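Quick one: the structure is below, and I'll ask about it shortly.
Order of writing sets the chain letters: A, B, C and D. Residues in each chain are counted from 1.
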Amino acid sequence: MKKIGVLTSGGDAPGMNAAVRAVVRKAIYEGMEVAGIFNGYEGLIQGKIELLQLGSVGDIIQRGGTMLRSARSPEFMTEEGRQEALKQLKAHGIEGLVIIGGDGSFKGAAELVKLGVPCACVPATIDNDITGTQFTIGFDSALNTVIDAIDKIRDTATSHERTFIIEVMGRDAGDLALWSGLAGGAETILIPEVEYDLEDIITRLKSGSGRGKKHSIIVVAEGVMSGTALSDSLKREAGIETRVSVLGHIQRGGSPSARDRVIASQYGARAVEVLKEGKRGVAIGMQNHTVIDYDLAIVFKRSDTKKDEELYKLSKELSI
Amino acid sequence: MKKIGVLTSGGDAPGMNAAVRAVVRKAIYEGMEVAGIFNGYEGLIQGKIELLQLGSVGDIIQRGGTMLRSARSPEFMTEEGRQEALKQLKAHGIEGLVIIGGDGSFKGAAELVKLGVPCACVPATIDNDITGTQFTIGFDSALNTVIDAIDKIRDTATSHERTFIIEVMGRDAGDLALWSGLAGGAETILIPEVEYDLEDIITRLKSGSGRGKKHSIIVVAEGVMSGTALSDSLKREAGIETRVSVLGHIQRGGSPSARDRVIASQYGARAVEVLKEGKRGVAIGMQNHTVIDYDLAIVFKRSDTKKDEELYKLSKELSI
Amino acid sequence: MKKIGVLTSGGDAPGMNAAVRAVVRKAIYEGMEVAGIFNGYEGLIQGKIELLQLGSVGDIIQRGGTMLRSARSPEFMTEEGRQEALKQLKAHGIEGLVIIGGDGSFKGAAELVKLGVPCACVPATIDNDITGTQFTIGFDSALNTVIDAIDKIRDTATSHERTFIIEVMGRDAGDLALWSGLAGGAETILIPEVEYDLEDIITRLKSGSGRGKKHSIIVVAEGVMSGTALSDSLKREAGIETRVSVLGHIQRGGSPSARDRVIASQYGARAVEVLKEGKRGVAIGMQNHTVIDYDLAIVFKRSDTKKDEELYKLSKELSI
Amino acid sequence: MKKIGVLTSGGDAPGMNAAVRAVVRKAIYEGMEVAGIFNGYEGLIQGKIELLQLGSVGDIIQRGGTMLRSARSPEFMTEEGRQEALKQLKAHGIEGLVIIGGDGSFKGAAELVKLGVPCACVPATIDNDITGTQFTIGFDSALNTVIDAIDKIRDTATSHERTFIIEVMGRDAGDLALWSGLAGGAETILIPEVEYDLEDIITRLKSGSGRGKKHSIIVVAEGVMSGTALSDSLKREAGIETRVSVLGHIQRGGSPSARDRVIASQYGARAVEVLKEGKRGVAIGMQNHTVIDYDLAIVFKRSDTKKDEELYKLSKELSI
């Protein structure tokens, strides 16, 4: 393989730039050319493609967002769009692709694989919800952003003896809520994977309050319900007053954490290696502290994992 | 004066602890005793009062919130409540009070002054809206929290070429929105002191977009309208899509900035001095880089200042 | 087991407080009493022991350092000292101990195990150098502190087109230097596990400079040599001017990262469980994203691991 | 004036980029062209000059360092060098200059003024040591970096009951040491403006220790003596053990604080205004919360100010 392309797609995540940098540097190290495809699949169709050099990725390892930008592409959802993408790849002599993004982006890659384009997919999403890997790029950074927010809100919660509900991202996946709730010392954590029990939440709040504990932090993943809906329920069912903070988009941004920069570097470099080795449709990931690659098909067979249950159980035990 | 009391009241602000520390240490330095009054005026009425020592304020200069806690006190709004407070002060031998908080808290102090209690008021509110002082404790910390959030959101705005609306605190005062918007490089800033012009906002967004600038940051103070309301208007009037982020309670918390710790130390110490000097109803503040004290009455004659207009004009010129 | 003790020993590491919190809360959850032993083994000998409650560990999960404090104990190195420690444990009815610290602290635990005291050892050291576990508490936080410093220094390096040498902690272990160098985008990384080659460093600096790259970051673990010694060598051997920054003690402090808080919670809770299960001399750790416990003896058979070599190789490839 | 130039010179300071951005945007707002001069006076002599557009300064307000880079210029110290600089200015049609830097950079500007080049000087140095202005760009950011370091070191100092000496920048000016010491809750602060008294330091350390306070923070400005020298003195004269941390170059880097971004924006814009108004050799600064401009000659008549003494006195009173 003499020339590969790299693009970022889907919601941005801290560490995407570090992954792009690793792809570019590793490819050049391996004697390949690298083309940067701007604005995701949309830009691929439009031919927004530029050759990248070592200098193109200087001073970006520490930056949030993605220098290649990202975009939704309704056009790529169509057969015509994908044929256009294929034409562009051929026109630019790109023989393989590194796709950096979440599972939506991986689905696009799977379509390209069907059309004969070798793709290596690098998981980058703050939700940590890609089957087959223990960690995605961006999760650790988002986690640190969330606990920084929880620490700040705790100052007010303690000073005013109030209960705060903090709504964090996570439509289907509760990792961000669970880890941040545990790390933030939250008294109650609501995640999509476990049905919540309003009675239990009320009992816990009241028992804490009975013991003289007058402030409390509840972390709720947006996939369970909105912070406001939970606040309304607590007020209606038990007369409990709460304040709501919706963390929102700050969770996606910021300089990546050390760990995200390291795994982004590892994933990006491995993606180049697997293309060089002739693999055609693989995802990159981490298992047992070791970088792995595995069949893209595995990503789409989503299944719950047992580890979350242990962490969830722990969060309950420590928040007595 | 042999014994003074100190309390925090109103919304918490980073640096309140640094002010409490300064009051305690300065008072002990001057040979006085200091009583900590917990839970604001409510705690004063209830006699939640404890003698504080040097060790009581160890390791708190860097903490957000307030170790003395804060609370609303409807009871203190009544004559009976205030008489009860007076009784407690006498019972504990407290001859003067340092009140740390915003203008609501200062009104409470003014009532106590009428009853013969010498009070020195230390301005602590993230809104920076106390007449007579150029800076309040907490404003600089909140500002840094807001620009940290803007920097994070800019990562996503740039990566996805989107326009973001960021709603910050400030019901009547626009300092937080104005300073943070300027420091965050926002393209548009809406503050309560200046009537906004939706046409102008739309024109600016469209002209930027015409020049190839595809992302934009709008900072709006909550006192103007909610971020969601602004987003709806832009959509309805001009078909412009925006994302909204409401920063909320994170703005009140966190470790105080260096500057807030320094002015909190200065204000707290001066408050003790003015009580020692026999002053009875004064506010502490900063003018021309110098700590001042002035009649409490000045605080309640709110008036707009000219400097904001210059900063506002600057923000317009730099965001062409 | 009805009552256990917990102590922190050796150099402090961010996350120690989160581990103490987890020990206390889990023990109470399991119906046990917990005694806090202050000032490490020294305090154990002196009987600085207090019963801890849920409230004793409130609001500490986010704090650096250790609320139980730490100290060296020459006395505990003697047979008499250990007998005295044993007496104290009996006097306070403490039936098992959780020891939070590094391998030096674990050696102390091994001595107590010989005397019949069940001990569960929780690895907490920024060096990440405990055999048998992939991660120690504090490593991730220190890593983030180091990359924050590298990011800052890079600003100056770029602005002035200079080469900076950054000396980080790590006497025998290079993990902190390797990970931070990789995450910080360092051009050269020197770790104790790999013999360095001054010629190679000089060649790389000169080739970068030949390509127009006028600034460079070198990360060196203190165990290899001091930053100043390296700077002198580069000057003497090749006339290369460098600036040196010794990060020093800031690496040990600060609020723990999200990840350190989570593993500290997991390790602390597991330590209580293994004591309850009747184990007598075990270390707690992480393998394959799962909390494990293993014989304390394994810790003392230090051996190099293969993974570091891969990360080291990656760091070389990406810094062409 | 139709075209101005802008350069940064001397040690870099956080906020320089925000000042460059303001110069460029304000000049374009005023209908002028702006040339960026790279690598300071050295680059001016070498003609490293490029026209800057609005887009050239996009996304830099939050970055440390300086995009225009900085360098020493021995050549500019000579008459020939300055004549060469003059030629370049004429060749590029540059009619006025904005110089962003410290007093060394201002001296260069004064030479150019003598040769007929209108110059407006913007004070940017972390030392806050420019006569005529209450604040320089970079001081507030460096201050926050230093207190972040002090907060981290305090964790270890408290946990191990040790005394730490923290050496901060400041050869002739003690502002950084004094403000950071006060904000960091240091027990002892040594600044160049006040002769230190070793006896007094020892007495304070011993009295604190006598009261049961077993840890202590000493902040020393490098201009007084090195941290190591102080540590040796304390050991030799009083047998007091201390640890030393030299903060070094991290003090110059990092994203600028909100305040530094605001004053950089104000100063940069004013610099353009004064050139437009026809002024020829002025410095920009802040007095009484208001941006001012004043004769460059005032900068070179350095004199001590009274306010520092008050802050110094306060630091003594609060660290009893």
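Convention: a contact is a pair of C-beta atoms (placed from the backbone, for glycine too) under 8 Å apart; a residue touches a chain by one contact, two chains touch by 3 or more.
Quick caveat, the model's predicted, so the values are computed rather than measured.
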item	value
Fewest touching-chain hops separating chain A from chain D	2
Maximum centroid distance from chain D, chain identifier (CA atoms)	A
Averaged-CA centre spacing for the pair chain D and chain B, given as whole angstrom	28
Inter-centroid spacing, chain C versus chain B (mean Cα positions, whole Å)	39
Chain A and chain B: spacing of chain centres that average the CA atoms, whole Å	35
Residue numbers of chain B (touch at least two other chains)	151, 154, 158
All pairs of touching chains, each written as two labels joined by a dash	A-B, A-C, B-D, C-D
Of chain D, residues touching chain C in the complex	8, 11-12, 14, 16, 63-66, 69-71, 145, 149, 151-156, 158-161, 164, 243-250, 252-254
Chain A to chain C touching residues, read off their complex	18, 21-22, 25-26, 28-29, 54-55, 58-59, 61-62, 134, 140, 143-144, 146-147, 151, 154, 158, 179-180, 182-185, 211-213, 255, 257-259, 261-262, 265-266, 269, 287-290, 307, 311, 314, 317-320
